[in-house]
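Each of the next two complexes has chain A plus one other chain: chain B in the first, chain C in the second.
And then the complex of A and B:
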């Protein structure tokens, strides 16, 4: 293990030096990025629907966010962590019943028609609320959108809705599509879903299934002098080793979303002309979570859950499974969240003796074979790391006398087994934190969710106090009070352990040194890349 | 000629039943796999109960298995392969787009393994037990033992990443706007590594068959007679020994076509070739039953047609074959 640590350190030093060496010239050029050029990058999946207003997912945004824009984008230094895009300003009424957006003037759709508030109203009411995977929850109380003039949209809510939630949802949930294209025929069958039309810096060019997507420069873009690139080509590389080889062979210039496996980063960071970038995904944090089926009598016992938490060496997981590209977790909100995170929660240090003592106390003594009881453990197959953590967890549980049997499924089978059939005792899942606990975090522990809803509490956990807290937060309008309630929520979750948060991680980009303005916002890979450029 | 036609008719009638069995079997197998297309889809999106219900309804997954199978077969009767759930496009289009790539890969790889394999087999079998025979046997066996993906990856590392002589993958340079001859040569260059990876594995098979067939032919009376007539060794090898050893290889060619299709799944993934094999893998992962059925049906037709061609070729090459059937 020690050899491992050293190579990791060398790697960090290496990338730091690389950063330092490229930082100076980059800073010098930052004022005048070069125009033109074709950026070729790796894509590992081909989404069936490229309309980000209907499918708000990273796979879709990766391509579509350059074509279709949102009202606001995430920002490292903007107010409330936002930067304006199609909306210039936004304000929520004190009663939580309305929110007013002032829109950007002079914006044109790719087909030349002007962008107006009617497009925003149409997108919100006809798509985000009834059809969008995330919008169906966040905009459920949206009653109407008034458009007093072409550049003002006023969202009216049937029930008081915290503006903090709406604001936090803007980067991912507010993709605006053209009304004049979508008002004819069924929205789900519109051809623009596979060849999107938007206001973004790039137009949809062509798609060759299994080969590439081509986006071309929008010469009529509202951003001054933007975009810099002439073309973006997404080359479809399904094999996990292809992206690294393609980067080395200089066939592509960028691989985002950890297309280069963690284990290859050490080697690839030493290749001249390539840089490894860990920034630019702060707004897309994934959480490594042990999901628990509370229907199992043993797991319904808090002492057993505490014992499992103590049995997991989080530092080891970060170091070995994630090769250092992750941080340990304390609760259901990730440490890098600027608004809600609190460290003031019960924690569970790695302590095998204590875990054993807790299990003894709970009445589950070790049998003759050294085992207390057996569990079915289902690691999610979506990431290498979730599978590897499954292997680790099996060993960690064995050390405290719990015999975990690994059940490996493919994605569809895993989703069905865990979230519909509840055929698990423990599962390893990677839920995403989307900037506000109300978007996709509270449902991980809330009770009363129908069977079959993925990434939600399907473990049969029910805690009235926690449910009341979640309900109260969902209708608390004052930002400070609402934030405090979610801090309370983190404490309660960490204390009662409906699930166990182990680590938090995000993605890595590898790019050629010539690619400029990488990772300059917290959702860079899924932002519009208007300012991305290629130096000589 | 009539002999071939009768054979053709018989085989076609039999093939329809084979295809029907293949369709129903695949459908039931895929239904037995846990999770459906919606489960596979929501992995990347999430969604609430209402959205999931909406999707199941839109994709027709709320109907019973039997209804769906009946609907599929009914549509198939009208030569309609249906709509792909993953691509939201007609399955015929999706398959036709990829079929040429797979065919190109298969035909080139078969030509390589059959051509080079039998040539080397003749070379080795001309002097059984000689040093060159042993070297070739061991070398080809080693290739045969290597997993396809590993050979592919090694070829990529050596020829694409280190030497940069050849592209790492794909069927052609992406978004290159090449046409005509330029495009054809671009595709040919892209095919070199995947064809080598796929072809070299099966090379051993033909080599060894050829060699074994020749070893046997050497002992035959007609070879003895040929040698007794004082024919040159070269002529004995090529016209008498090799020619007779070639027949079983033709049979192998037909059988091997199915194998080759299977092998292309791995090779197409490693080399990012947009072909049927990779599509099949994606269809299974996304539980796109109609798409997978379409692919399997296409492959089955392909294999049946190839074997039919082999039978016909046989009927011409060997007068003994088909005579019995024609007479019945």
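And then the complex of A and C:
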């Protein structure tokens, strides 16, 4: 892995040099970070709860990761792909029953109180494990956190827990919040959930609904000379078409998370003073997935699922729906994952004739109107691309004689229809891969998940062999053996198709040339931005 | 002079009639010119208009033929407009006739209900109805009719109030006809024309409402609609503006046609009344 990183970094550096050599005379690229300035950027959603320890989602991280820090952040060149934040080092015991974190000295909360291991223990036991959407699974066996001194936290697990999983979970799941603020009253109702207090480079300033969030510089930050920016303003621009014009009008300097529609990128990349950046989201891979309701008797038939997989032209989806800003998928782990991905899985080439033959074999002959059966198709409304893929999938299924009727819902109604009421036959979903299959990927196919848990297997799929594999991997401590089990898992999912992975994509940032240190880690948009600066 | 010739002598009416005829022709020949699913992928994505003569108006983001979508969209728009107007007229004239003919408490109750519907902005009513029941073509028609029937109801009632004092109504009573029979066989047919004149406005409003609902993503996703086309084109407004402009022009021309033709009808009937 390190070899790959080095070569890529060299290549990046090379291309940056090349770029700089042509741009230098006109743009005057600043090399040394400059202090001060206000960064204004586009925000497309307004999360109510800004506590990343409770709601571990990118929408919340986008704002609160600057205020509340995690134990470690993802890194392009750090050991195990991590860079230290609140923890300086981490080590798992050989028996998988404990993990020791050495914490950073001299860190202060925004209200001036010192940060200690008690805060980590409190966050882990009172919030991550019982309340956090992702932590509930990863930290389910966490029994206690010992704090031998102020700068050491020892996580004790009731059952052996692979340290590889804990390590991979650190960037997204380990936001530490202050114990002295949260120990009073009910955690869910704490005022700090809407006005967070953390240790990060920026303090929460104010929030005006429908207008902006303002973060101000934390002058007491532990990072030397950091942060560089004085202020960050998240300008609320819910209309995706307005971010591009706001950038051109210099009202904002940055639009992350593909706030500028993909179709506009080609044009905007030619606007002087603006740059299009495709890096900085490697750790936030979204997967375009066809979710299948196995309660439908047609879809419970593997041949039908294989036929649907053969009916989808993945290259067309990447080229047309994503305009090339995506890659085709082979299975439940994205291709860009350095630890777990394997290409050695059954694949389904685009082949309409084969799909038709499989459906005939399954006993679903075409009727007089050319249709074999009808399905209800629910595309998730969160992204333009998921909706467009829904339109495409309807056409792709029509080509093999499956009549898919689209049902459009808003976000809340979609989540209820698919994950609570199971009122779907096929759904298009965008689950997120978070660096380890056990965090949010195995849940998509594993059985026995209660109704109403979003982004999980609500299609009634049950495969005992796969369940056993997932259970075994969750208690396998040896990293190599565990990784091999997840490779097995990918093969099994691709063979039995509890869902169909179509493509993997990440986001694009568009920024003014003056914004420096963009995309310098794999979770840049949701990292702390302590080193982000504005040149003249 | 016959009403048709009188109608044809007003230039705006003729313009309106031509536009409407074109729209109806589009709707009728759509399945002949573009057989099969108009949403099928026909070529490369985002092909600009007038580049490839097999796809004269270009293609949208998935490579669907814009011209085929436009023609099939005309069917949806016209179907929704006509069905919604017919439903609104039917509900409105029945309620108006009952209220006007019965008078008293029935009149009071029915007219207060009408008031209640009239005070709620009809678009909001449609929006709420569709988002609760779920979008499909039938539901959209009902949703639009729900907000537009009070207009015809008020007009029908006013007409009925004057008609029910006429001699032929009195004579119908004298020969012992049932009041409901009088209301619907004698009074309603004579109270209809002013409501019909209003129907053109209702059709235009219904087409616009349907387009607006589709634009907001509350149209039937399995059918091509002009509003839906505009909404989809909006994401690429800067790079492929034709995707929004073409259905937008179609929409403008349709509403203009319906309105001008309606004006023509109103003028024609007004002249006839003036003569009689």
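Miscellaneous remarks
Here is the rule we go by: the second predicted complex is superposed on the first by the 505 of 536 C-alpha atoms of A that agree within 3 Å, B and C clash if a C-alpha of one lies under 4 Å from a C-alpha of the other, contacts with A are read in each partner's own complex, and residues count from 1 in each chain.
Methods note: a residue touches a chain if its C-beta (ideal position, glycine included) is under 8 Å from a C-beta of that chain, and two chains touch if they have at least 3 such contacts.
Computed from a prediction, not measured in an experiment: that's the story for all the values here.
Of the two partner chains, chain B is the only one touched by A:450; chain C is not. In the superposition on chain A, A:266 contacts chain C only, with no contact to chain B.
In the superposition on chain A, contact is made by A:231 with chain B only, not with chain C.
Legend: residue contacts after superposition of the two complexes on their common chain; A:100 is shown touching neither chain B nor chain C.
The wider contact with chain A, measured as residues touched, comes from B rather than the other of chain B and chain C.
Once the two complexes are overlaid on the shared chain, A:278 sits clear of chain B and of chain C alike.
Once chain A of one complex is fitted onto chain A of the other, the partner contacts of A:408 are limited to chain C, with no touch recorded for chain B. In the superposition on chain A, A:211 contacts chain B only, with no contact to chain C. Within the superposed three-chain model, A:241 lies in touch with chain B and with chain C [touch as defined at top]. Touched by chain B in one complex and by chain C in the other are residues 241, 245, 410 of chain A.
Residue ranges on chain C touching chain A, taken from their complex, read 37, 39-41, 45-46, 61-63, 131, 134-135, 217-218, 221-222, 234-240. Those residues of chain B lying in contact with chain A across their complex are 33-37, 39-52, 58, 85-88, 94, 97-98, 153, 156-157, 160-161, 164, 167-172, 174-175, 269-270, 272-275, 278-279, 285-287.
Touching chain C in their complex are the following residues of chain A: 240-241, 244-245, 261, 263-264, 266-267, 320-321, 381, 384, 388, 390-392, 394-395, 398, 405-408, 410. Note for the complex: chain A touches chain B at residues 38, 40, 45, 47-49, 55-59, 131, 133-134, 136-137, 188, 193-194, 206, 208-212, 214, 231, 233, 235-239, 241-242, 245-246, 248-251, 382, 409-417, 420-421, 440, 449-450, 452-455.
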